[in-house]
Amino acid sequence: MVDLIPIWLCVFFTLGIYSILYRENPWFRIAESVYLGTAVGYAVSQDLLYIRNQWSGQWSQSAGMMLLFALTMVVGLMWYARFNKSTFYLYRWPLAIIVGTGIGVALKTVIFTQFLDQIIAQANTPFFVAGDLMGTINNILIQIMVPSVLLYFWFTGTTRDSAPMKVVEKIARYTMMAGFGSAYGYTILTRYSLLIGRSQYLLGIPPNPPEAKLAFIVIAFVMLASMIGYDMFMKKKTPEE
Amino acid sequence: MSNALKRIEIPIALTIIATLLQVIPYYLDIAPVKNAADQMQTVVLIIVACATFVGVISILQVHGKKIQRKSEGWEYSIIVVLGTAVMALTGLPLAEFGLGTNNAIFNYIFTNAMTPLGGTMYSIIAFFITSAAFRAFRAKNIESSIVLVAGTIMVMGNAPLFTNALPVLADISLWIREVPNMATMRGVMIGAALGAIALAVRTLMGIERGYLRGGGEE
Amino acid sequence: MSIMKKVQNLDTRIIYLLAWLFVLFPLISPLGLPIPISNDARNWYNYVENEVNDGDTVIFSLMYGTSGMPELFPMSVATMKHILEKDVKIVVVTFWVEGPLVFDTLIGQVDPADYGKVYGEDWINLGYIPGQETAIGSLATSFQNTVANDYVEGRPLSSFPIMDDIKSANDVDLIISFETGTPGAPEWLRQWNTAYGVPIIVGCIGVSVPGMIPYINSGQMAALMPGLTVSAEYEVLLSKPGLAVAGVDAVSTSHLLVVLLVIIGNIAYFMTKEDEK
């Protein structure tokens, strides 16, 4: 019996979220509140575990490192200065360090990873592929489409009034529309994959516990009956004029 | 003295130093600077981890006020506060006291509350996107027609039901992904990389200060 | 044509109900549709089978939380089963806060001990590292400075034999990353692939796929596993059908519903437009 409680809880929370599809209701608010509270509290454990583990590593090996660790913790505590207006300025210091380091770490290689390597790949795309008509057509299309998209973003306003830019604009827009269609198709796949995953749990399909199926039927009935019953009750209570 | 500490130039200077400290050693082989940069990275990880209670305090402030004033929905705020407190306390890394990621209550809540809730929260978009496909996805002009046709072919290309019946759909959807989608994404990526570099340069010059806003002062 | 107007103004909850039915029906009563194998699945399978050599060091990173589990968990399980059959060293690490507990769930289904792997000698779990891209970069520079203790036993990394030869990204031969967003592939590419030349293969949710294609085209990324359907194909190639194969019929019927609704919605739109003219 006790083993069934976790399964019924999982099903309750799952259906609680899905109950919003009927309308806003207390089941959904309960599930949403539990998620919000637990998600925020969960992150605390992982972050503090990291700090504790770090102390037992390089930071406690010498006096200099211990001093640096203490200084780091002082800077880390400055995050909480944001909750007081008179000390808010201190909150900007750790933020500045994080933002600066993050920008620096990304900046040093972004020019290669997302700029040069892509341009090199584009330049290395041959116009003609021997013995492969489709490959040749595709490469020619890529050589036309990529620069068109780039020019579309770089040149805006009156620079698009010229005849060549009007052609470029059309090619770019049609290319992007096809790209967005592709993104839409994959979005459908992702969202339904998530729904299918939860449905597999609700139906108790292995390796999910089979007891979930009964819980699904019972809890779904209770939730629907309560919402529909309440609506019918409110309708009777306030008859339409 | 405290007025001097409040000057915006201090965090701007910190940003510039932190950025240059990471970038310079990558291009110039200066051992002390490289060591300082590597050490700085490990310092930053701890500073980031120290921010963990910011979310907790914010939650407690917002929902605590709601409970205090008995505003609309205050009963749910009790659940939020309780959930936050229980997870934060049971998850504290004090294995000597039975707390931490191996704590029974912590694991119970993660497995039986967070896992189903997290998985369900984003899956609900499937229903909304289906409804949107029915109501809003219209072939009103050439551009929307292209999106419609490309999107529909991609949807069919991802489903074995269609690709078994018409294998050519898989080839067409692959073409859409590898040619127009690739061209779009490459163009966007190159443009975004340039934008990121420009933003970084602006931040280095102290012009970009958006991340320092707040608190009622500049 | 009032029928078409009624169709256009159909109650949204009926559409939601249809979505439920089209997903639940094939799960309750599987259609058993054959699963054609795509190049994506073959590339992933071939890369893990042929490019991962005995003695290699592989980073296995679950860069997702509970929200990504339904789509990414099947491919994570299948890939873990595949690499456990090889004589490689596996370093498990994550930069997503829920990653460690997602991995604990994975271990509950795929125990390395069943493949003769010993913790600390053949594989190790470094847990979660906060800091996003900075953390990824720091790990590339020095494992020991970035992670003091392992996640499972809480002991110093230096006490595990597997870490004797793993000091930085220079000692890693492959990154296998499963992800739903940021930090993810771009961060790995910037900090590990561009800086140290470490190859990477990525399994991602469908939404992320369009953005990954330029990396595949340029050769920066060696292989891509784009979503649940290809996960099912991979499970078929491995002859280890799992959750992905069990769910792929529902992918088909749900996608059929979307296509039908798009077609019907457009027919209704054009016919009511004609009426109004």
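Going in written order, the chains are labelled A, B and C, and every chain counts its residues from 1.
Rule of thumb we're sticking to: contacts are C-beta pairs under 8 Å (C-beta built on N, C-alpha and C of every residue); 3 or more make two chains touch, one makes a residue touch a chain.
As the structure is a prediction and not an experimental result, all values here were calculated from the model.
> By CA centroid distance, what chain is farthest from chain A?
Measuring from the centre of chain A, the most distant chain centre belongs to C.
> Count the C-beta contact pairs for B-C and for A-B, then tell me which is higher.
A-B
> Taking the mean of each chain's Cα atoms, which chain ends up nearest the overall Cα mean?
Closest to the centre of all protein C-alpha atoms: chain A.
> Starting from the mean Cα coordinates of chain A and chain C, work out the distance between those two points in Å.
Here the centre of chain C sits 14 Å away from the centre of chain A.
> How far is the middle of chain B from the middle of chain C, if each middle is the mean of its Cα atoms, in Å?
Here the centre of chain C sits 18 Å away from the centre of chain B.
> Measuring centre to centre with CA averages, how many angstrom lie between chain A and chain B?
Taking the mean C-alpha position of each chain, the two centres sit 6 Å apart.
> Residues of chain B that contact two or more other chains, please.
In chain B, 26, 39, 41-42, 44-45, 48-49, 101, 110-111, 114-119, 121-123, 126-127, 133, 148, 151-152, 155, 158, 177-178, 181-182, 184-186, 189 touch at least two other chains.
> I need the residues of chain A touching at least two other chains; which ones are they?
Counting only residues that touch two or more other chains, chain A contributes 21, 42-43, 46-47, 49-50, 53-54, 58, 98, 101, 105-106, 108-110, 113-114, 118, 121, 179, 182-183, 186-189, 192, 194-195, 197-198.
> For chain C, jot down the residues that touch at least 2 other chains.
Within chain C, the residues that touch at least two other chains are 16, 19, 67, 69-70, 98, 100, 129-130, 132, 134, 137, 145, 154, 195, 206, 209-210, 214, 217, 227, 229, 251, 254-255, 258.
> Considering the complex alone, what residue numbers of chain C touch chain A?
13, 16, 19, 23-24, 27-28, 67, 69-71, 73, 97-98, 100, 109, 127-130, 132-134, 137, 144-145, 147-149, 154, 156, 186-187, 189-191, 193-195, 205-207, 209-210, 214, 217-220, 226-229, 243, 246-247, 250-251, 254-255, 258
> Per the contact definition, I'd like the list of chain B residues that touch chain A in the complex.
5-6, 8, 10-12, 14-23, 26-27, 39-57, 59, 61, 73, 76-77, 79-93, 100-101, 106, 108-127, 129, 133, 142-144, 146-155, 157-158, 173, 175-194, 196-197, 200, 203-204, 211-212, 214-217
> What part of chain A is in contact with chain B in the complex they form?
Contacts found on chain A: 6, 9-11, 13-14, 17-18, 20-21, 29-54, 58, 68-69, 72-73, 75-77, 79-80, 82-83, 85, 88-101, 103-111, 113-115, 118-119, 121-122, 138, 141-142, 145-146, 148-150, 152-154, 172-189, 191-192, 194-195, 197-198, 201.
> For the complex, which residues does chain C have touching chain B?
Touch list, chain C to chain B: 8, 10, 12, 15-16, 18-19, 31, 33-36, 38-39, 65-67, 69-70, 98, 100-101, 105, 129-132, 134-135, 137-138, 141-142, 145-146, 154, 195, 206, 209-211, 213-214, 217, 227, 229, 248-249, 251-259, 261-262, 264-266, 269.
> Under the stated contact criterion, what part of chain B meets chain C in this complex?
Residue positions touching the partner: 26, 38-39, 41-42, 44-45, 48-49, 95, 101, 107, 110-111, 114-119, 121-123, 126-127, 130-131, 133-135, 137-139, 148, 151-152, 155-156, 158-164, 167, 170, 174, 177-178, 181-182, 184-186, 189.
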